[in-house]
Structures are given as C-alpha cells and as structure tokens.
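In what follows, chain A forms one complex with chain B and a second complex with chain C.
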Partner chain A sequence: MIFVKDKEIVVPGDVLADEEYHTGRGTFREKNNILSSLVGLVAIRDKKISVIPLQSKYIPKRGDVVIGKITDIRFSMWNLDINSPYSGFLPASDVFGKEKRELSRTFDVGDVLFLRVVDVDEVKKVKLGLKGRGLGKFRGGILINITPTKVPRLIGKKGSMINMIKDETHCDVVVGQNGVVWVKGEPEMERVAEKVIKMIEEQSHTSGLTDRVRNMLLEILGEIQEESEDLEGSEEEEENREEFIQ
Partner chain B sequence: MVSIIPEITRESVVYLIKEGKRADGRAFDEYREVSLETGVINKAEGSAKVKLGNTQLVVGAKTQIAEPFSDTPKMGVLMTNSELLPMAAPNFEPGPPDENSVELSRVTDRCIREGKVVDLEKLCIIEGKKVWMIFLDIHVLDYDGNLQDAAVLGAVAALMNTKVPTATVENDEVILDHEKMIPLPFNEKALMCTFAKIGDELVLDPSLEEEEIMDARISIGMRADGSICAMQKGGKKPITRDEILKAVNIAKNKTEELRKYLE
Partner chain C sequence: MIKITVESDLSTGTETSARADGRAFNELRPLKISAGVLERADGSAYLEMGGNKVLVAVYGPRELHIRHMMQPDKAVLRCRYNMAPFSVDDRKRPGPDRRSVEISKITSEALTPAVFLEKFPRSTIDVFIEVLEAEGGTRCAGITAASVALADAGIPMRDIVVACAAGKSNGQVVMDLSEAEDKEGEADLPIAMMPRTGEITLLQMDGHLTGEEFERAIDLAVEGCMKISEEQKKAIKERYGD
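== the complex of A and B ==
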C-alpha cells in the first residue's frame, strides 16, 4: 500500500507506504510503515521509495566533481572550501609530482578550482585531485551557488537544460556536484545565465520547467536585443546620465 | 573566521561597476527592496523587523525605570546592543560580540543619540533618581550586506513603536499606570545611508558580494532637515573630500525615501 503520489511534498513523519516498499534516501522504517525524515519530494522507483530534500548541504562523495575555492596554503597542501560542512584538501604532490615548488605561485588563496573528489575517509577528510579532463583553475567568469540537490535538475535529462543555457547565452557553464556553478561569457550573458539558474533552483520541483526556462531565456535575450537597437538612437540620453552621475 | 572571496568574483564585480552596472541590476544609488514591520514581538515594548533585500534583522526595545548616570541626572538612558547570530552567516560565530557587532551597535547608537531621535530629557521622572532606560537590541537574522542602514531603520521604527506606561510621582514614589500607555517623546526620524567605494565609484546599499570586495565604506546619518548626525568610515582605502560630499548629497534624497517606510 502506498499513501503518497510521486513528486508529492512531504514533511518529516509523514507516512509514505507500508512494508511492501523499500526504504530509500530520506526515509526510515517504523513498525510496518515507511516514513519521511525530510522535507522534500517523494520519488518512487519500482518498489523503492525515497524523499529528495528541497534544500540540502553537500556531502562529499568519492568520484564527484566539485568547484572549490582555496582558503589556506599549508606546507604541502592547499585547503579548499567546497561549499560543504567538510573542507577539502589538495596535496601538493598531486599537482607537482615529486618536484618541490612554492605552492602559492601555482594557486593562491582566493583562486577557484574545478576538482575531483579522490577520497573521503571515515572522519570526512576530503582528498581532492586535479587529474582528469577539464580540471584546473578557473580564469574569469562568475560563481553561482545553488542547493546541491538541484544540480541534477539544472543539468537536465542528458544535459538538456544546461546545454540549452549554453547555446542561448553562448556562455561556458561548469556545474560542480557541490552546487557551485561557474559561468563565463559576455558579462551581460553571464548575468542572464545567473538569472535563469536561480529561477531553475527556485522552481525545480515543478513540472514543465524546461519549456518555461526556454521561454524565459528567449524573452530576456529578446529584450537585450531590443535595448541594443534602441541604444544607437539614444546617445543624447547617455550623455545626460553621465552628467547626473558627476 | 574570515571569509575568503574568490578572485574571479572580485574581478567580475569590479568590472561591472566600472561599466556602470551592478551584479543585481540596480542603479548605483538604488536600494534593494525594503520592507518594514512593527510590533513583531509581544514581549517587548516596541519592536520592528526590517528586510533589505535578503538582509533581515529584528530590533526590540525594552524599557525600565532606573537611576540615571551621575553626569546626566536629568536625562533618560538609551543603550544599543547588537547580536550577529551565527545563523545569519557562515562566518558569524557565537560568543562575545566581535568588532563588527560593536561597530554596528555603536554607530546605530550614535545616529539615534546625536540625531535626537528620542528626547531623552523628557524621559526623566525624578531628577537624579528615576529615569526611563531604553534598551535597543538588534538581532541580525540574515546577513546579505548593509546591516547598518537596516539597523538604524529598524531601531527608529522600534522606538516609534514603543509605548511606556504613564509614570506619576507621589511622595517620591513612582507610580506606573499600565492602563494609560503613551508613546516615547519622539521627535526626529534620523536615518542612515551606507555607500561602498569600489574602484572610483560609490554604490549605495552594498550587497554582501559588494561589501566583501569594497575598498572603503562610508555611512552617513541624516536628520529630516538634511543635517548630518553621524558618520562612519570603514575599509582599508581612503575616501576623498569630493566623494564624501557626493555621498552626502545622495544620502539627503535617499534618507528621505527611506523615511516614507516609517509612516
């Protein structure tokens, strides 16, 4: 017996199903029932029932790709903030091999890197690595933070959502599993992408999102085009505004 | 804990400002959405909740009868305190107030005191013995830049909202009439405008991102007639005379705008 529908919003303690089903993430069993332990959306797959939280923190997992910023340099490693309760570290040996070099010349505090989680041990020390395609330091662009559970939604089925944003705004977009998104392109387009990504985060639990995102993108891009056409005939206005600022 | 700002975020914000734009699309002299609610705490004599974009704080005013300070026997006492709650931002820690918290409360206090928001002399009940004491507590719930303007707006709103029982003196005893509650002797709405200097530009109401990368900051407290009642400069770099004058001019219009929320 099941008491909820797929994609229904539940709160902790809500009874989801009875023993016919299996417990998944965000659920627990009490007596003969399966209950939710989170606020989120129900996801039913075959006989497995789980709850996807509306908001979450990133818990590092081996093999994930994440975006982190360097917070500290130590003798033989960099410390990184990976938007998680646990901080990560990148050993110098992973970057230099056996060579000995000044760490701060390669990456300095405040640099933003795209990394892979190499290992997470029992006490949640997160070892990061830079070996892999596309991993390394970011130059330019902006960072956007979203809730990590919404990352799959932002990427879409086989990357449909993220590719649409890339195509429409002509921006490079990199999504870390930890909910940090890096966007680089024309500054104006970066902001458009930011707006769209924030909108996806807000409405990720609703259906028909891809179409709405497409409409929104086209609408904003249309407006920008009109504006740039208008600008050609309004140089006078531009001058006035400058005077005002002075 | 010091929060570290990614270098690329700094670059993009500085670049945008140079181009005359801001990350959230505001004009340089534009506030985020302001919302103000008063009387949010039943247990306090006066209270207010302010939202400035995503920055959120509550201010509570408590009153009490106590002995005045010996150097000002005829004046009521105003005390301002602020609390940066750890839930407001990842880099706010529990424990004794740090310098940011002290600065917030002291600058707010200065703006209210020097702006003569409340007539402290009318708060005297028996000279040298009994006066009203007002405690203003600022609790920051969510930090997204520019706590200062929000704190002053909230503090003034809370003071306007405060009601005290009428106090009469009989045989050197103070008798409170809780049936007849009266507002505080309120006479001025002094408010504050904060600017962040980024590159060569001054931007009003800095967001968290802007506040983290700013070179300097200046807060200007202003009364309704345009006189300056408080000023505070922060940040590492200097601010020129012209920039201060420009900031004062903008503050004149913008405090007027904020004042509308108090009606």
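== the complex of A and C ==
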C-alpha cells in the first residue's frame, strides 16, 4: 500500500507507504510503516520510496568536488569553510610535497579554492586535496550559494542547464557539490547568471524548468542588448574551464 | 495512553462559556503560522495566536566550536527563548532571566525527541525564539513555531512537535488560556506532543486541579494540539505551494 503520489510535497511524520516498500533517503521506518523525515518531494522508484529535500546542508562525502573558502592558516595546513556543518582542511604537504614554504604566500585567508574531498574520518574531519583536473584557486568572479540537493537540477541532464547558462552569458561557471557556485565573466553577465541560478533554486521542484530558464535568459539578454545598442557589443570568448558534471 | 475526547458531558458553544473573550471552553484563539519568513536563516517561522506574536529562526546543523558541548554521536539542539522589552505592557528588562532560561531549557527538551540528532554528530542546531508580543501561552507558541522552523530548515524529524495549554479559569476547565485567564485562573497546564504517536514531550503545571480536572485538561490540551498541528502542516506546504 502506498499513501502518496510521486512528486507530492510531504512534511515530517507523513505516512508514505507500508512495509512492502523499501526506505530511501529522507524516510524512516516505524512499526509497519514508512514515514517521511523531511519537507520534500516524494520519489518512487520501483519498490524504493524516498523524499528529496527542498532544503538541506552539505554532508561531506569522499570523492566529492567542492568549492571552499580559506578561513585560517595553521602551521602545516589551511582551514576551509565548505558550506557544511563540518569544516575542511588542506594539508600543506598536499600542495608543496616535501618542500617547506610559507603557506600564506601560496593561498591566503579569503582565497576561494576548487577542491576534492580526499577523506572524511570518524571524527568528521574533512581532508581536502588539490590533485585532479581543473582543481585549484579561483581568481575573481562571484560566489553563489544554493541548497546542495539542487545541484543536479542546476547542472541538468548531461549538463544541459549549466551549458545553456554558460553559452548565453559567456561566463565561466563551476558548481561544487556543496552547493557553492562560482561564476566569472562580464560583471553584467555575472549578475544575469546569478539571477538565473537563484531562480532555478527557487523553482527546482517544478517541471518544465529548462524551457522557462531559457526564456528568462533570452528576455534579460534582450533587454541588455537594447540598452547597449550604441555601445560596443563585442564580447570576448572566455576559455571554458572543465566543470564538474555529476 | 491518551484518549482524545470529543465534548461529551459539556455541551459546546459560547452559551456555556463564561470566558472573558467569549470563546467556547474548547476554542483556540485565532491562529496564523507562516514558514520561511527570514532570508538569512536556514529555517524560520512566524506565528500569531491571539495577542502573541513569535518569530523563530533556526541555524544549522552547523559547526560547534565549544568543545565540551560537542557530542561524539549526535548533534546538540540549543534553544534561546527571549522576550523583547516591548512585548509586555510594562517594559521587560532585556536579557535572560530565570523564566526565560527555564523556557529555553524545556523548549530544547520538548523538541529533542522529534529530531534525528544522530544524523549530524559533533554539530549544533540553534533555535532562536523571539517573543515580539506576549499575551499568555508564549512557551507553547514558541515550541509550535520552532518545530515549523526546524522543518523549514530541512532538519530530519520523526514528527512536528506541537504545543498547547489548557487550564482552569472561573471554575471551568478550558483550552488555550489567555493572559488574563492564566493570571486570574486556578491552574495552567501547558503540554507539547508529537501528534502522530501521541507522545508527550513536555508537561508542566502550576495551580491546583483535582485528578478528574487534570485528565479533562490534558484531553483538552491534546485536542488543541491536534488542531494546531493541522495549521503547522498547512504553513509548511504553503511555502512551496503554487
């Protein structure tokens, strides 16, 4: 027996199904029923029932790529804020090898880095690393925070959504799995991208989003074009960074 | 085991009620709840119930810096109940006092059983309850709003905790005491519960009730909780509604 429809909004404590089903993410079993533990949308796949949260915090997982901001420099490591209940650290040895150098010369407090979660230990210490393609320090650009569970929606099927934003705004866009998005391009275009990303976050639980995002982008860009008709319209093509696709 | 009684021995309606605001003995004050009212909090809720106005902000789960508070196997749920200096007729001296420290503690204890704290070890969830206007029953209003804010913050919970008071005023056992009824009345009995299972997470009482009156008061408070619980769920769903 199932008591809810697919994509229905549920609240904590709502009864979803009975014991014939399996518990997925965002659900728990009590006696013979499966209940929701979150505010979110029901997702039914075969006999597995789960709830996709509408709001969440990032819990670090080994192998994820994240965007972090340096908060502190210690003797042999950097501390980073990764938009999560657990802060991360980047060991100096990961960057310099055996060489000894002053840490603040390489990365200073406030720098934004693109990193990989190397390990999360049992005391929830998050070890980060910089080894991998495209990982490193960002120069310039803006940061936008979204709810981590909405990252797949922002990227879209095979990157359709994110590539559309990139193509239309001519911005570099990098998405970390912790819900931090880095955008760099013309200042005006950065603002357009920010607006679109915020809109995707707000409406991620509705369908037909990609088309609406395209319309919104074209509308905003059309307005900008009209305004700057007399100004020079040539925009230089930005080199495309390797972005992360789930 | 808690039994929810429908008005059996007393006929309903205002004609039997001698309450100052003309409510029936089992009638709540007008209630309004909205979720997600604050931009920068992870979760928030605003609640109006009669003359009460309460704003709740939830932050977290977030990093806990105080080492000795850290729990290796679960998160800690910290609550702060605070009354604004302008929330009562005579200006209240700002800052925590004995009453608000107690209410902070019982709020945290009333909410804790519902939250899956074990999912976020070594972290903290912070709940800030600000009473902007007070008119009796602010602790219940605070707990009710706090659990809506927790759900809005996306914190996993077994159920949405709800609180309601009952008591005795003018010799009659009534639901949801107003400030006048609380001050003049014979007894006040606030409870908090998980409406699905009927587990009670808070039960306080002051004043005097006979055993029979006590049971009637509990039944009334539970009935009030059930009504408020529907409003809570509606408020959360409305936030993402069309």
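Observations on the structure shown:
Here is the rule we use: the second predicted complex is superposed on the first by the 229 of 246 C-alpha atoms of A that agree within 3 Å, B and C clash if a C-alpha of one lies under 4 Å from a C-alpha of the other, contacts with A are read in each partner's own complex, and residues count from 1 in each chain.
Following the convention adopted for this analysis, a residue touches a chain if its C-beta (ideal position, glycine included) is under 8 Å from a C-beta of that chain, and two chains touch if they have at least 3 such contacts.
Treat the numbers as computed from the prediction; the structure is a model and nothing was measured.
Because the two structures share chain A, they can be overlaid on it, and in that overlay chain B clashes with chain C.
Contacts of A:124 after superposition on the shared chain: chain C is touched, whereas chain B is not. When the two structures are aligned on the shared chain, A:12 is found in touch with chain C, with no touch to chain B.
Contacts of A:109 after superposition on the shared chain: chain B is touched, whereas chain C is not. When chain A is checked against chain B and against chain C, the one touching more of its residues turns out to be C.
Once the two complexes are laid over each other on the shared chain, residue contacts for A:56 go to chain C alone; chain B is not touched. By the touch criterion stated above, A:87 is placed in contact with chain C alone, chain B being left untouched.
In the superposed model, A:28 lies in contact with chain C only, and not with chain B.
In the superposed model, A:140 makes contact with chain B only, not with chain C.
In summary, superposing the two complexes on chain A brings one listed stretch of chain B into steric overlap with chain C, and the stretch in question is 41-49; the others among 5-13, 41-49 or 239-247 show no clashing C-alpha atoms. Those residues of chain A whose C-beta lies close enough to touch chain B in the complex are 69-71, 81, 108-112, 138-143, 187, 190-191, 245. The touching residues of chain A, when paired with chain C in their complex, are 9, 11-13, 26, 28, 30, 35, 37-40, 53-57, 59, 85-87, 123-124, 147, 205.
Within the complex formed with chain A, the chain C residues making contact are 42-43, 60-63, 72, 75, 114, 116, 120-123, 151-154, 156-160, 194-196, 233, 236-237, 240-241. Chain B meets chain A in the complex at residues 4-12, 15-16, 19-21, 23, 25, 28.
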